[in-house]
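I've put the structures underneath this note.
Both complexes shown next keep chain A, but they swap its partner, so chain B is in the first and chain C is in the second.
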Partner chain A sequence: MVTATKDMQLISHLMRRAGFGVGLPELESLAQNGYNETVNRLLKPTNVQEMTDDLIRRYHHEQSGMMGQNNPGAYWLYKMITTTDPLTEKMALFWHGIFATGYPKITQGKVLNDQIRMFRRYGTGNFRTLLLELSKDPAMIVWLDNHDNHDGAINENFGRELLELFSMGVGNYSEQDIKETARAFTGWTIGNTEYMALRAERDSIWPYGRIAWHFEFKEDDHDSGEKEFLGNTGRLNGDEIIDIICQQESTARFISRHMYHFFVADEPPVPQWPYTPPRDPKAIDTLTQAYFDNDYDIRAMLDILFNSEFFKSEDSWHERVKSPAELVAGILRLTGEFDRPRREILDRSTQAIYMGQHLINPPSVEGWHQGTEWIDTGTLVERLNFASQQMSNVENPGVAEIIGRVIGDGSHQADDSLVQRCLDEMGVTSVSEGTRSILENFAAQNRDLENDATQIVAQMLQMVAATHEFQRA
Partner chain B sequence: MTTRTRQFMKYSHTIGLSTMSGRGFYYPVDTAIGEDDRLYTVSRSLDGDPRGIRVTIYDLASEYFGTFGESGEDDGQMIWPTGVARDTQGRTFVSDEFTNRITVFDVDGDFSHSWGKMGSGAGELDGPSGVAFDRDQNLLVVDHHNHRVQRYSQNGIFLSEFGSFGSANGELNLPWGITASSKGDIYVADWRNDRIQQFSPDGEYLASFGRSGRDDGELFRPSSVAVDPDGYVYVADWGNERVQIFDPDGGFVQSIRGEATDSKWAEAFLEINLEEAAARDRANMEPEIKFFNDDPHEESSHIEKYFWAPTSLKLDSEGRMYVTESNRHRVQIYDKA
Partner chain C sequence: MTSPANAKTVVVIQLSGGNDALNTVIPYNNEHYYDLRPQVNISQDNVLKINDELGFNPSMAPIKRLWDEGNVAVINGIGYPSPNRSHFRSMDVWHTAEPDTISNEGWLGRAIRQIDPDGENVITGVNFGRGLPRALYAKDVPVASVGNLENYGLMTDMKNEAARNLALEAFSQMYGGSGKDTIAQFISQTGLDALKGADILRAAPRQYSSTVEYAHTPIAQNLKSISQVMSADLGTRVFYTQHGSFDTHSGELSAHSKLWQDVSEAVGDFTDDLKEHGQLDDTLILMFSEFGRRIKDNGAGTDHGSGGSAFVIGGAVNGGTYGEFPSLRSEDQIEGDMRFNNDFRITYSTIADRWLGLDPVHIANGTFEQFDFVD
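Entry: the complex of A and B
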């Protein structure tokens, strides 16, 4: 029986939150370097390995051309399950949930996928740079109508959401600030605006498929007049508006609370934030200070977060409900099914849709509500069925390897060692007495049925996949 | 600049339109040139949608003659069609790298027979991709996950094989396209090794050319290869989104990035969609864009005339070159300069 050390338990917790979880062999490998070094390697990955684009595109032509709405999610799932740099993918998920754009209005997957790639490039860097890139992102421009924001005829949509949903939050600016922001972003549009917007509106794939979009600044459509924004006056352009936004404490607190919500523990939905104080105000203070101390550097904030006591606390282990993307990716990393591109990837990503998360198609500009809101009677059944089916499929190479290891050292021969070993193999480092009791009773009953060793282990893996603890990070 | 060095081939015209049924293609992957001067382009479509998979029949003048084949795993159906070849009897042979079989359609496009099952033993298949007939009219099949080429009679009887996994001369790594020259030599697009390999008619290694890279004469994930009677080698340099031509000694001759114009089928679409046509006319279809990486896949996604995912390159008896582009749902045609 493997007895996880406290450091191993902490690393497992870290990898569930900052990644998609780890199985026992990877945990043992990480533990050789310790918790601090694991954090360092997450924050500064080197020699990143993943399933490469050329390999994916050869087999999945729609994951290359990306005309439609489902294959970008399948492509992203490949990245999540094969990368050795899981934090970058988690941060892409994090920003996708905040800067939410969706297919119904954009009507082409390539442009939305380009935004996700932008999150990969800038999602752990400087927040000012990220906001600037977001403001130039073609999907965001069309999603929030900034291509209709003209000198002398402003459209406030992007300006409003930039302040309300992407940085400071409600209550920290005036309606006039929104108008001035909109003026500052006039002329920030996409190239060939008329043709591209018309094609998007008509969902046109003719004559030769989609044409990807690119940012264009149209100086002759930019309002270069004097503006006043949050007490600052001048001929402000969009990048100067972002400078001012990033200087605000409200921005630092807003981003910090999002980080806490995503990595530590559930916060209420964003619309309630003006009226509901943070769950842990000191943690938000700590992250806010990290934001200013490090020139808005996201990576530095994550470093502080992952090394904080509020993150490491045992009280939060296995308490945050995994999002469908996290759950599916974590399971597929364990099963090892996608050692090469396979047609089944689309089905696997579709399972996340059944569980309530259609990547690149969030329900609204607010993204998805996280935490326990992932769970209802329908999605719970989908989650349990998917996890159980995948982990009990002995054809999956990762499952076969787990079974081989469990049987190999005899852990399957006693009920308690079988339970503990399967928990360890699946990255569950602590369980309630109730869960353990249920699993051990199942082990005993199952053994009475004279199942063979492979069946005994596979069925225990199936049971662990359905536990409260495995379904949570 | 879309074409560098001396002009060996010059652009003629484009055939294509993105459609999920009837006249047009949907993620086309390969084109066969029939003895009847008709072209047979197989569309792979997208995963999760039964529409779009078919073989489209048309000719050089863009006249459309119909389709055959459909999505599925039953006889005459396909899931991941990859390669197509025509025999001298007018039959169409399609490889399917998901069902691991070769399906044969008769001269009317009806199902004739099929063979193949998953495995790595002699005659078994794991991802059949490129197909071509050898000088004896036996079918060469690139068995790509097994990193080899297998030869079958037209009825599917296994005859021989060559190639194994690796990067040494004669070894293969996920090969894709294949052709046989008029002399009978066999050329394989050794995809993951970024090279073309030449084998004798019996499968003995003869030569290799191309090396990994994006400069002239270098290759990145070549998908398809054709050879003219003079020994010039034409390569669909898929990962570089271009075509490259080499002389018989492997010397670089020409690089073509793509010059597509509106096809007749595209013109017909635009004639009845006037608002889109007008907006298209006013658009700058070759904008200057700063890309974040050097992958030409990005440039091709923005500039429509460039090749985007050229999966197949074929030559006809007149020396014309046909380049099938899966992401642009069309075939670009070039003549000898």
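Entry: the complex of A and C
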């Protein structure tokens, strides 16, 4: 009977939050390095392996053009389930939820995929650099109409969301600050604007297929006049606005709360934040301090977060409701189905859509509401059925290996060891006593019906997949 | 559990992808139509004429038959102010009845809450399809979403029936506890609602028989499932399903024709079935799409537009045309699209108030005039 040590349980918790969860063999290998070293390797990965683009395109010709609204999500899922650097994908998911840019207005998957690639590159670095890259990101420019933001004729959309949704949060700036921000970002547009904007309005690959867009600063369309923003005056340009934004405590608190929400425990939806205090104000203080102490470095904030008591505490294990992307990617990492590209990835990424998360197509500029809002009678049935079908399919190589290991050392013979072993194999580090006794009871009764060892284990994997604990990270 | 006899039901069929209204209800005597649609048009001879100006697409014969019987209301020029040409946003507007701000509560979810405020019947609303359309979503309102009625439920891939029963028993214990926190309680309640709905619904096909042979298309099979649930008299008042994709940017003539053939045949089979079961007079079908398409064709298809046509079908429906058919003259267009002249919430309001007997203000998000397609 395998009983994970406290350190292993902590590492498993870390990998569910900083990654997509780990099975038992990977956990045992990580445990040899210990918790602290596992955090270090997540933050500074070396020799990263993942399914490569050329391999993906060999099986999916449509992936080179990122045609259609579902291909960027399928591509991303490949990366999530094959990478040895899961934190980078997790941070891309984190920023995609905040800087939520959607297909309906862009209609060019390639451009959206470029934005996700930008999150991979800058998402764990300096926050100032990230905001600057975001402001130059072609998908973001079209998404929030900055190509329509002209000297003398401002469009406030980007300026407003930059302050409200991407940095400080409502209540920390005036309407005038929004206008001044919009003025500062005039001329920040995409090359060949009119033609590209027209393409975004027409959901058509004709006449030239999908092509990438690029950022262009048009000096002659930039309002270089005097501006006043949050008490600072000067001929402010966009990058100087971002400097001022990054100096604000409200920015540090807003980003810290998002991190807590994503990595530690579910907070209420963002629109309620001005009216509802954080569930752990001290944790937000700690992260805010880390932001300023480290010159806005996201990686340093994560380092402090992963090593904090509020993160490591047993109270936070299996607390967050897994997002559909986390759930699907986590299961597919366990099942090992995608040792090479397969067309089935399109179905698997569609499953996340049925569960309520269409990657590259968030419901609004606010991104997805998390926590219990992932759960309704429709999505819960999809989550439970997908999890239990995948985990009990003995043709999945990962599942076959799990079953082989469980039977190999005889763990399947007693009810309690069968339950414990299946929990361990699926990365569930703690279950309520109620859940454990229900599972053991199931194991005992099922033995009267089933005498095939493989089925006994497969059905227990299926039951674990249906537990509250497995559905939460 | 069961509703009073002859309780009225509404069946919503969503035509996903933006149905080309102009090639569905065709102004066959309008010269602008043939001028602006040099390639993607339906010739005058082929139109199924419903009056001196308008006719249905030739693949809509079963709906034309229902029209002739006086059971079809065609609502032309339906839409909303400041049309949005994004599929998703426009669909959201239709689902939430909220054109100005982003909302996540559906109009039918609110209707279900009014019908059954305490959520006593977990299948007052049933969707046939995957996931839950936002139209049916409202906080704390249970709704069932069924991929396939024959094998709907949890752990359906467990072959051994006895083992599956054990698994379901274990599941209901795991989701039946009080839960250590509010999140666990919420998930538990949702899980039990889903399980209960599945138990009730799975029994429906056994109580059903019909002489109608439904077509073997997804939309026909979904409508058959709806008929089965109706026959079982489980108290379901709101049904939802969808068909698509109507997003005909290219190859429109053949694709659009096939889509309408499938939908029309399915609706024809369904109404025949309802008639056989004496339910046609208590059933109202609403068919809508998130937007219409551009007036001018692009050579092989049509791009996203605004203004559309919706259909209301049923035994108690006052057949005829409602709304104005939008003018196609260039000065009357908005950015190359048909101008809407009746807010879709007029139709919602009519259905909520006159058909379901509910307070329409909360459901349609405001007070609107009503159509006379039902008394």
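Heads up, the rule we're going with is that the second predicted complex is superposed on the first by the 472 of 473 C-alpha atoms of A that agree within 3 Å, B and C clash if a C-alpha of one lies under 4 Å from a C-alpha of the other, contacts with A are read in each partner's own complex, and residues count from 1 in each chain.
The definition used in the following text is that contacts are C-beta pairs under 8 Å (C-beta built on N, C-alpha and C of every residue); 3 or more make two chains touch, one makes a residue touch a chain.
Just so it is clear, the model here is predicted, and its values are computed rather than measured.
K.L.:
Please tell me, clash or fit, for chain B and chain C sharing chain A in the overlay.
P.N.:
These partners fit in the superposed model.
K.L.:
May I ask for the angle at the C-alpha centre of chain A between those of chain B and chain C, rounded to a multiple of 10 degrees?
P.N.:
80
K.L.:
Once the shared chain is lined up, is A:235 touching chain B (first), chain C (second), both, or neither of them?
P.N.:
Touch status of A:235: no partner.
K.L.:
Does the superposition put A:381 against chain B (first), chain C (second), both, or neither?
P.N.:
A:381 contacts chain C only, not chain B.
K.L.:
Looking only at chain A, is it chain B or chain C that touches more of its residues?
P.N.:
C
K.L.:
For A:392 in the superposed arrangement: first (chain B), second (chain C), both or neither?
P.N.:
second
K.L.:
Classify the contacts of A:466 with the two partner chains as first (chain B alone), second (chain C alone), both, or neither.
P.N.:
The answer is second: A:466 touches chain C but not chain B.
K.L.:
Nearest CA pair across chain B and chain C in the overlay: distance in Å?
P.N.:
Here the least C-alpha separation of chain B and chain C stands at 7 Å.
K.L.:
Based on the A-chain superposition described above, do chain B and chain C contact any of the same residues on chain A, and if so which?
P.N.:
202, 204.
K.L.:
For the complex, which residues does chain C have touching chain A?
P.N.:
85-89, 92, 102, 104, 122, 127, 130-132, 137, 142-145, 153-158, 160, 162-163, 166-167, 169-171, 173-175, 177, 179-180, 183-184, 186-188, 190-191, 193-194, 197-198, 247, 249, 298, 303-304
K.L.:
Of all residues in chain A, which touch chain B in the complex?
P.N.:
Interface residues on the chain A side: 53-54, 57-62, 64-65, 67-68, 70-71, 74, 110, 121, 191-192, 194-196, 198-199, 202, 204-214, 216, 340, 343, 346-347, 350.
K.L.:
Can you check the complex and tell me which residues of chain B touch chain A?
P.N.:
Checking each residue of chain B against chain A gives 16-18, 27, 29, 44, 46-48, 79-80, 97-98, 145, 174, 176, 191, 220-221, 223, 239, 260, 262-263, 265-266, 269-270, 273, 275-276, 279-280, 282-285, 287, 289, 292, 295, 297-298, 301-302, 304, 308-309, 326-330.
K.L.:
Using the touch rule from the top, collect the residues of chain A that touch chain C in their complex.
P.N.:
Per the stated touch rule, the residues are 102-105, 201-204, 266, 319, 321, 353-356, 361, 363-364, 366, 369, 371-372, 375-382, 384-385, 388-389, 392, 432, 434-435, 438-439, 441-442, 445-446, 449-450, 455, 459, 462-463, 466-468, 471-472.
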